[in-house]
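First chain written, first letter: the chains are A, B, C and D, and each begins at residue 1.
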Amino acid sequence: MDASIEKIDEAGSSLWQDAWVKLRKNRLAICGLVVLLLLGLVSLLTPWIAPYGYEEQNLILGASPPSAEHWLGTDIFGRDMLTRIMYGGRVSLTVGLIATAVALMIGVLWGATSGFVGGRVDAVMMRLVDILYALPFMIFIVLLMVVFGRNIFLLFFAIGAVEWLTMARIVRGQVMTLRKQEFVEAAYSLGLSQWTIIRRHIIPNTLGPVIVYTTLTIPSVMLLEAFLSFLGLGIQPPQSSWGLLISYGVETMEEFPWLLIFPGLTLSITLFALNFLGDGLRDALDPRTSKD
Amino acid sequence: MFRFAITRLLQAVPVILVVISITFLLVHAAPGGPFSADKAVPPEVLKALEAQYNLDQPLWQQYMGYLGDVVRGDFGPSFKYPGRSVNELIASGLPATAELAFYAMLVALIIGASAGVFAAMRPNTMQDYLPMSAAMIGICMPSFLLGPLLVLIFGIHLEWVPVSGWGDAPGDKILPAITLGTGYAAYIARLSRGGMLEILSQDYIRTARAKGLSESLIITKHALRGGLIPVIAFLGPAFAGLVGGSFVVETIFQIPGLGRFYVQAAFNRDYTMILGTTIFFATLIIVFNLISDMIAIWLNPKLRQQGQGDN
Amino acid sequence: MSQTTAYQNHKTATQSSSTHTTKTSTAALLFGAVMMVFLSGCGTDETNVSKGNETGTLHWGNGTEPQSLDPHIATGVPEHHIISSIMEGLVTKDSTTLEPKPGVAESWEISEDGRVYTFHLRHDARWSNGDPHTAEDYVWSWWRALQPALGSLYAYMYYAIDNAQEYYEGTITDFEQVGVKALDEHTLQVTLENPTPYFLQLLDHYSLFPVHRPTLEKFGAPDERGTRWTYEGNIVTNGPFQLTEWQINRRVVVERNPFYWDRDTVRLNKIIFYPTENAVSEERMFRSGQLHYTNDIPADKIPVYKESGDPTLEIAPYLGTYFYRINTNLAHLKDPRVRRALAMTIDREQITERITKAGQIPTYALTPPGTMGYYPPSDLSFDPEAARKLLAEAGYPNGEGFPVTEILYNTNEGHRKIAVAIQQMWNKYLNIEIQLLNQEWKVYLDSESAGDYQISRASWIGDYVDPNSFLDMFLCGGGNNRTGWCNEEFDRLILDEAPTAKTHAKRLEIFTQAETILLADLPIIPIFTYTSKHLVSPAIKNKGTNLLDQTMYKEIYLESDSGSNGGDN
Amino acid sequence: MALLEVNGLKVHFHTRDGLVKAVDDVSFSVDCGETLAIVGESGSGKSVTCYSLLDLLPKPPAKIEGGSALFDGVDLLTCDSTQMRSFRSNDIAMIFQDPMTSLNPFITIGEQLIEPLIYNPDKSRTQTRSAARLRAIELLDEVGIIDPEKRFDCYPHEFSGGMRQRVMIAMALINEPRLLICDEPTTALDVTIQAQILALIKKLQQKRNVAVIFISHDLGVVAGIADNVIVMCEGTVRETGDTEAIFYRTQNDYTKKLLAAIPEGAKVMPSRLQQDSPMIEVKNLKTYFRDYGKPLAGARPEKRYIKAVDDVSLHIQRGEILGLVGESGSGKSTLGRSILQLAPITEGSVQFSGTEISALSRHQLIPWRRKMQMIFQDPYASLNPRMTVYETLAEPLLYHGLANAKTINHQVQLLMDDVGLARANLRKYPHEFSGGQRQRIAIGRAIATKPELIIADEPVSALDVTIQAQVLDLILDLVERHNLTMLFISHDLSVVRYISDRVIVMNKGVIIEIGETEALWASPQQPYTQQLLEAIPLADPKSERARLASAS
């Protein structure tokens, strides 16, 4: 057959492009994304663009309201709040991202194996998840912090260990439904090995819900870090995070309100942006809507 | 159903054992002992003290001794409050924490569920966006920020509600309950909205409408039961979170609860107190999880008859 | 504000769905009703304070929850407040001048050599359950306090008594040899090791208070720590008030003791002690009328009260010094010139005005000035220029080569602010790198006592108003020394010369010499002397303020300013 | 004036991707005691028309642009909500397609039955609970539910599909409606149960002189039950008339195309059956599944098994198309999967041209897997949504080494030609194709490895009649060209008759009868087969009415 191989022109629009088109239409999600990119950029460039030195004190000035030199005012040590918030942002965002990554990794692996293998193994793995769900994790985190001191990496691990449970359940649910789908059965009938089936057919189809859930985990992780810092167990000076700044601000709420308002505002805006983006992604990646 | 409860409770025993062992090891690995004090303590007195609380025995012997006591329900003496047993301290702290958790859950359920159902009735309209954006604020607002704000507004400026204490002055339970409950009200609002929308898209709702039933009857009789199952399934883990959240609220509002005891105990290396509260919290959460699972199964007639949870 | 929006939209839910009775709207109405019930209970103008003034009930913010009410075990200030309201020693003090005043002992004589004290107890002295209060009670109580198993931290208060230290440390076992005898039912004779002019003050310290023997023996062995004898309903005491209620983490209530010998002059009927751990919450409780008196004031609120000239603000000097301990065993901190340079580059005015803001007084010596007329000599001053020269002489010109030094402090807001400020000052003036390490209370204590620190935050509150309470801390190998500093001349002055000094002036002169030696070596860097800071309701009368910030509850009475009960204010 | 007069009805959907004219100027009328059938393929707007009458469409996307629907003189499209609610509960009733999801699983069927009685909008007709209960039990008996007294308090999940549809009918008729709208009530049911339900509706209609609008895509069913018929396509009415006019004197060519697409009569292709040794030999095959559910009859819940395939023996000759017919739950799919070793076999042997393949390990099976492939039912689920058509077709070729990097493009394009799809959309994704096109891709994937045996599990059941015909012809052509052997599983007897040489009838995991297609159709031996054949509705009014008369 000498039929020349026609040039395959019409490129299809993959589900990802489809989702991007849908996401662009969702105004809230987009401005959420823009805000996040802005924050990410600012915290990356902080050491270079921060107006004042991180530790630079001005005791005579003390806590001053927003002024020309200090746009967001100064704290009781006369340190510039804008700089403190920027550095705090770096810590809070890194905690958010890394702890979520830890939760993501453990959760996806655990959920995928338990969902795919099924049967007795699945029952045992899921029973374990239910048991861990029941444990008073807050207590273990408090103990971990008290026992091993408060280094950042332990914080990542502790928070990540709390959050992976729900991720595991979501991934398991997703894998269970996919396993029954006919295209997986077709792959079996081709004789593909289990691992190739997981790699080529299962994982790509679970990415949607996993991404959505990740965007929703980051805010809850950041909240958890802020919570721990309030109890004096999270980030320790000289490092600071939004949670720590807020807990200092709360103490002098009446006399120096700006010490509370600005960090509180930044944290809330970030959380809003993440949640809006998460919701936008969920609608865009929801297979039901993309199937019509 | 009964068989299901028994199997779950039996499974809880090894869990609690694991909890005890992990906490025991963690606690004894912590630097600083219960008796280190700012005033110098002569060595022989220190030895006598530790002997009295048999801290001088090898670790495993202490562990066995402790397990023996726990089985008999005795959680041992508190180091920080000499003369007080841990049982007594828990008993004094428990009512406040349980009450706080209950009221917070009540606030969360009533506000959360009604907001969620209200939003699901007319999706993607103002009636949907308003409660959901309020829910979003609830999720983004940490309790240690919300609490002081409420105190400032309602406690000090408007003088409506006392600012702290628990049970002494009337109305002093409102602010703590709202502070702790708001975060969960927001989460429940999103869950119930999702649950309701899922149910409202089912065919049997269309059948009910075709039968000429009124909108509100469709919502309450047909949709609510199925719609709220995800909320009930969420109550179990939510309680575990509430217990955690109560630490902060108890410090802000000076509530004599178990949470404050726990944080103090951790700081003061009050070993028996830490172990006692941890075990208590774990049992409380396991029982609560069991209850919420059983309700979820009981609500679904198919599962109720199978008598087996399908998890 | 989130709560308000969620609440408002909830309100709209009730209005819009009220057209038809549905489960959701009935739930909303139910919630509305519950809220109304709660709210109706509030906004009462009958606050604790106004009610208290009528009924003679004092509402007292007491800091942390008391650990124990057993005078021989308790150590904290909160415990001291409660114990001093329900128990009384042989001798009490005047609420302002702290001069000894007759307590359970009606009168006493002191032998010429100042070593033998004979106390004559009141015949009408009673325990709160009516039992007679005899001299034998004191002999037994002090025996009990010195039992090693009890682990009393204040055992050293007894060391002034002959052979007390030997008995406590186990070198002698027969209590008879200890210098305390009950001559008869109402006379107690105490023989001291050396003449101790401040011994009468020691008797007002709760570690030397008597305990009711039958009650102790009823609930367990005398040297057993965890007995229940201090519970409400069990405890028997000899003070102006007696314990009637103790709910953990909620309140401790003491009421008038009908058997107290001086019951007619006691004007308060009841005192309620609240465990107000969080200073910020405590200040809010005071402002909303739930407390007559606060245990502390948040540092940032003090300027607000100062500017508004608020009468409730009470700041008074307090017998305590805030200082930094230096680990003299470390190579780079061994040289006194380095220590002096560090001491001279702390701008103490900045710290007391900008950070602590509670009228603390910058100090350059260990003992607070004016303690029983003693004024410590000090040539220290804030002089960065001289400090840099000293540091250069010590081998670190302009801070080069000076290893990174760590300041250790226990996790607390106040300490953190001071440490951060000093770190900045040393960095700016001496160009040396300082790191901060905060450890949690128990870990900090262990690190300090094990000498596992370079520079560590510390403070000392005098147990009695006498320079010895401060200076005896730095004897060689002293339990609370922990700096590794040792000076024979200093020990000789404190242990041999001072106790045997004939007159008070001679004693002060010896203390001056000792402190000069201490300040020459500077194992510690004094920073400021404490002030006691409280919010006090104007209704509290006759409280008085003193260096030890102690309160004589039996003298206090309440009069509401509105003069509703015709007080003669 | 007829009971219901609809004219000029327009309903448009304002979706995210633009305006969809679902119903575009539709007019019809129906009178008491008369049955109007609305026929059309999926997407023709037949359901939307009826739902808009009862205002059951979701308002934000859907909008009624124009037209009127006079019911007893009152325009349904403009009446207020209380009036509409009284119409819904008293005058117009509806029966829906899928009985499994149309009943609320959380409430007993009794409770759902009496709701229209006790919550009636106009107070005059509300009844007390006890009276309503009696009325409901009476109706349950009338629709053929055995001992309705006890079953009143059971939950929907305790009923089979057919029983639930009977409950739906009882629920619709409980308030003596004057118009009954049935939206494909029997499509989800098996053919025997479908016949019973259709007979029941007919009987109830005559007894109560009710007007019925019957929506369906199955012309056979319509021929039997309808007095008048309208044919719809893409939201417009292509033809209206009484049943005989539509079937015998069709004018519109779309209707002609519809009628021609119905598979009828014997298989036209000569059988290519080769008499040599059979390709597949199955001896006493058993596949059991553990049953966790509580048995209906309340037997003691000891270790119970569902006997999906119970001691089945058969053989498949090389080159033949063997039909496998049975109702849902008869185990036909499990049998197909067991042969392909996709389902775990409990007992018995499966031989592929002599070698026992049930004992082989996954690795040893690979060469055999190349020889046997499967086509699935649901076009939407059988293709990986995240893979392009090119990748789906290339995967088997590359995996089994039938093509290498150089030749792969060419071979994939040949496959596309084989299944009649344009080469241009090789790079497209499944969600960009119609149902029929996706099934062609699935077939392409199956024949990619040049298999000898193809097992097709209900390949065309999910497709519309016209597309169904094209796919069947494609399958027949491929079997011819690639000399394939096929096991064709379906519940649709006319499709099986059209395509297969021999037919196996299965019921409850057991083979009832095997035989040549035409011999079986002419004289079925087993009563079950007879019952099955008689229940098939014929797309010819006269013969269909004769059949219905003889069956009752």
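In this text, a residue touches a chain if its C-beta (ideal position, glycine included) is under 8 Å from a C-beta of that chain, and two chains touch if they have at least 3 such contacts.
From a predicted model like this one, the values you see are computed outputs, not experimental measurements.
Asker: By mean C-alpha coordinates, which chain is most distant from chain B?
Answerer: That would be chain D.
Asker: If you tally contacting C-beta pairs, which comes out ahead, B-C or A-C? Let me know.
Answerer: B-C
Asker: Using only alpha carbons, which chain's centroid is the nearest to the whole structure's centroid?
Answerer: B
Asker: So the centre of each chain is just the mean of its C-alpha atoms; given that, what is the distance between chain B and chain D in Å?
Answerer: Result: the chain centres lie 50 Å from each other.
Asker: Please work out the Cα centroid separation of chain B and chain C, and write it as a whole number of Å.
Answerer: Once rounded, the distance between the two centres reads 37 Å.
Asker: Whole-Å distance, chain A centre to chain B centre, using C-alpha means?
Answerer: Roughly 24 Å separates the two chain centres.
Asker: Indicate the residues of chain A shared as contacts by at least two other chains.
Answerer: 146, 250, 254
Asker: Could you tell me which residues belong to chain B and also touch two or more other chains?
Answerer: Chain B, residues with two or more chain partners: 31, 137, 140-141, 149, 214, 251, 267.
Asker: Which residue numbers or ranges of chain C touch two or more of the other chains?
Answerer: 440
Asker: Looking at the complex, which residues from chain B come into contact with chain C?
Answerer: Contacts found on chain B: 31-42, 44-46, 48-49, 51-52, 77, 80-84, 88-89, 92-93, 110-111, 113-115, 117-118, 130-131, 133-135, 137-138, 140-141, 146, 149-151, 155-156, 159-166, 168-171, 173-174, 178-179, 182, 185-186, 214, 216, 219-220, 224, 251-254, 256-257, 260-261, 264, 267-269.
Asker: Residue numbers of chain A touching chain D in their complex, please.
Answerer: Result: residues 1, 3, 5-6, 8-15, 18, 25, 181-183, 185-193, 200-201, 204-205, 287, 290-291 of chain A touch chain D.
Asker: Along chain B, where are the residues that touch chain D in the complex?
Answerer: Touching chain D from chain B are residues 124, 202-204, 206-214, 217, 221-222, 225-226, 299-302, 305-308.
Asker: Sort out for me which residues of chain C touch chain B in the complex.
Answerer: Residues 1-3, 5-7, 9-10, 12-13, 17, 20, 22-24, 27-28, 30-31, 35, 38-39, 41-44, 65, 67-68, 70, 73, 75, 148-149, 151, 153-155, 168-170, 224-231, 247-251, 275-278, 281, 284-285, 287-288, 290, 440-443, 445-446, 449, 478-480 of chain C touch chain B in their complex.
Asker: Provide the residue numbers of chain C that touch chain A in the complex, in ascending order.
Answerer: 280, 298, 300-301, 303-304, 350, 354-355, 411, 413, 416-417, 420-421, 424, 436, 438, 440
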